[in-house]
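Labels run A, B, C and D following the written order; every chain starts at residue 1.
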């Protein structure tokens, strides 16, 4: 059934199906996009049909005097009396159409700028090859949340996302919520998100950024304010302590061995910032920036050999022994 | 066109092909999974001395040395692992300079890899069990490039960071010799 | 269907060469001057683009370039227009002897300019790999140096050619005329570059 | 010895000239002896005949089209289903970079310039291009650049940075190895080639038109050639400079694109798109020239609103330089500036809309004949207008921020480049094929491949609009299942295969027709411009006598008669120069003989360019062989000067 839906919906273009869909219109800018897109499509379709009508009429029309203005009559330079007037009308029509579209575009742009004044939540997203570093900062400066490859937003709250890059140019794009904004090394850019509907969305890097550009997604969760606060409170906690001997072994491995030189787990000796923060890793929807859905099997596959799941990723294949692998996965799953 | 000319053309083409392959090959993982210590870490290379007398040469070094991908990865790891903190961008600081000709523990790639792997007295930590061997080889390949030891067409002129050395592609190749007389 | 040929004018009395815009090669040279002029303009735009990010230009602690070599170069360059005009006039008057006499001077001035250019690179007070300011200044100076060098080469070849019997051909004098035109382009483009390299980094400190 | 002054004033020497007393077969024999290229392989290499060069340009470009097309098929196979593992990530990135680079730099621009080199001298009624050796040099430089890129790709040094190579990804740190250098240097090769052709064509059009062919009587295609050549001259230096900056960042450690040392990664984008946007029109405007010629011939009447069409070409050429920022809307530049670029981008559709009106009106008032070239024109209008209208959409900032860098854009630019340039090109090849080869292409095969291309194209590219809207970014080597992307991608892949087969069929038709096609008369379609006044294929000297023109459609108005001037030498290569505006005869000018030096100079340039990927010193040492080759190129080969000059 879902397969049938997947086949039909894109063609229907209704735009309510995908969780990564420019026609979703689930955010302030996104909704403006849908309105403007419909307007442009309508005007363009009208113009297109007009051109096609003219073209087919010109080609197919039955000619009373078969060679009226052709070489054979010697009048091939002459113009039909209506042509000049039609040309002028056509030019005026194009002009009016374009003017209307430009004005519409301009006002949409202004409305996009207006809905995003006075941000109530500020998030900093930093692009890396090939994952997103996400930091929330609050009025209480002692608190801050660091996570990766996921973005939680309370519905109806104006969020300002500050964008930076650590390496190459990336582009931040959550089509359901807003248009794109590039992350450029050496510059700070920003984008405003005003989600209107709760739900799960997906964002993706839109500027080619190297080998694994295809696997640089961002899981977006728009939730009620209460849920968001619950999530934030959980995120502020340090990494959960291991409960079983297996988890303890995993904890030891992660915090002292290869994992610890790149990853951070708050409240543990692992405090590097080269790779994604893992403090509440298991609470996320996906592994490795949307490469794999989060589940035990995928976690085994990823930790055992990331290079086969996402060839070229900066995370090396360590060559864990089976015991180490079991332990590491057990503790990673604990990181809710 | 004489056949000799044709043959030499063919040989040249093959050489170019192989050279390019070596330089540009992108290995996303080490070939032998889970191998042990670099072989050069035999006792006589751990201590100062003439590195040319080192007994073993680890053959794996060849696939990293002069490989552009390995050097680039090594460059990134060099920054990420904060090697800069002691060695700067090769100029040295708390740790010895890496862009001169003096090598206390040998300047071959396998000797450098062994130094990274095992650590060295007076502050150089051991990176075994922190980095994979693949990564250690990559850093070693990059360190070799700092003193101009590797082919110039495989190194990058600069990083996208504040520059405080002349471009790597212009580095003069330093002879590799032991630093017995030099007490840092 | 083959067309009937209807003969009209006889063109055999037309000249076989002409100066300025009546000459085909003149249009070619104008074409290349436009290309290079656009390249200089784009390089200057890049210069201002990079400059717009900076509070100070030249950025401290780098000192602006020393003026002596560049100014000397500019003076020699401007002075070279005197023999250049003389050659151009002589060519237009079909005075092969005068052209043969004057071309070595132009070649000599070219050598002098290339030598001074060497000192200019030495007086920039910044190296190309130190920062983007150094990069763009070096790029501008290098770009212009290639023009000096190519035009110098061109003049040497022309000088040798004029000394052969081919120098008696009127078309060769058109070549001399157009070479002189190109030299004007080279020194005209130098003037804004001189300002960009030597004076703008002083004004915006 | 007489002085130069006396020589300049001397009356013309008594040498054989064309005219009423020397015409027909006798003239043909003597002119052929003068204008034909020497025999043998060296003679083949030495050719400076614009017809040889144009043909080689077109053939080379079609070879690159086949190579780029094969890559497109590979990509479509990889994307035909989600999570496909047919091609790995790194290889896929190389493949799309090679596809884009090949199609833009090695196919689209060169094939248009090849057509222009072939047709322009025939259309303006002259015997050669203005700078034949420069044009030959350009051909070999272009081929060297193309070979550099493709040999590198086969040696596993193919660039993997996308066809617009944004730093820092293409910079020294993230662009690993020599891959980006290969790309950047290939750009330099093709820019040098394109600039040389542009200068040569501009001078040809301005100075070598047939007597009486005032600017207002030039065929539209010649106008399009003039406008695009000027656009090349004004836009290409920008990318040549940008790629030189990139190379020097990578080789000698300059900081143009390094923000940590006062550089800026966006500098590249400005420089690149200042070239990149005009580039699109450099490809598109010659195609509109084809369309205007084909529409007039097959509607059996002159084009309606000639001045409007010409002004549209010129206006498009100028506006094209004011649009580059619409490729950078997502970079976060000030919003005020965006509105200007939105308005400018949209306004480009006005001149294009007027041209489309003129073509439709021409067909309306004339009597269209449904042959393959006109079918391609109709397919062009149907397809291109869609691309143009989606172009209007993405000119609007709020829409572009969503659609930018998605498959919607991929669909858009394939609609404008394939629909807008390749369809007219295929029509133009069919149209001028008899002129170039003396044989007609098969009409039946032509119609089959036409319908396959037209329908296959729509199937391949229309679904991409949808996959883009559904959130599929461009340049991804795979995509997850369950996002609704399966069906549009599968359809695109099937359509892509159909197009590939159809293009193959078109090429088979060409190859078969060269050997066995129906023999073509001088003017098989009853066209009106001057190329139809000479035989099919044209002789090496193009025209036995230089034609005279007194209208926009000389062959139709001449009614079977062709006025000519005479008096050019037949023992030497000689051209007629006319004045720029009114085209009155002005000077008899010698034209260059064949010479091996252009190809040698191109080889020297290749050594220098390839060397400078590896060492900056190659720039210095490489000039020595280049200077030697150029000097030998210009140095006169005769011992003594003659009264009537020659370029040997």
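In this section, a residue touches a chain if its C-beta (ideal position, glycine included) is under 8 Å from a C-beta of that chain, and two chains touch if they have at least 3 such contacts.
All figures in this text were calculated on a predicted structure; none of them were measured in a lab.
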*Which chain has its Cα centroid closest to the overall Cα centroid?*
D
*Centroid spacing, where centroids are CA-atom means, of chain A and chain D in whole angstrom*: 37
_Approximate Å spacing (C-alpha centroids) for the pair chain C, chain D_ = 30
*Between chain A and chain B, tell me the centre distance in angstrom, where each centre is the average of that chain's C-alpha atoms.*
39
*Mind checking the centre-to-centre distance between chain A and chain C? Centres are C-alpha means, answer in whole Å.*
51
_Multi-partner residues of chain D (at least 2 other chains)_ = 90, 168, 173-174, 249, 252-253, 255, 258-261, 264
*chain C: which residues touch two or more other chains?*
129-131
*Touching two or more other chains, which residues of chain B qualify?*
26, 76, 157-158, 160, 163, 166-167
_Chain-to-chain touches, reported pairwise for every pair that qualifies_ = A-B, A-D, B-C, B-D, C-D
*chain D-facing residues of chain A, complex*: 2, 6-7, 9-11, 13, 15, 17-23, 29-30, 32-33, 36-37, 40-41, 44, 47-48, 51-52, 54-55, 57-59, 61, 63, 66-72, 76-77, 79-80, 83, 86-87, 90-91, 94-95, 98, 101-102, 104-106, 108-109, 112-113, 129, 167-169, 171, 173, 175, 178-182, 184-187, 189-190, 202, 204-214, 290, 311-312
_List of chain B residues in touch with chain A within their complex_ = 26, 28-30, 33-34, 76, 80-81, 129-132, 134-135, 160
*Can you check the complex and tell me which residues of chain C touch chain D?*
1-18, 21-24, 27-28, 31-32, 34-36, 38-39, 42-43, 46, 49-50, 53-54, 59, 93-96, 128-136, 138-139, 149, 153, 157, 161, 165-173
*Which of the residues in chain D come into contact with chain B in the complex?*
90, 152, 155-157, 168, 171-174, 176-179, 249-253, 255, 258-261, 614-615
_Touching residues (chain side chain C, partner chain B) in the complex_ = 127, 129-131
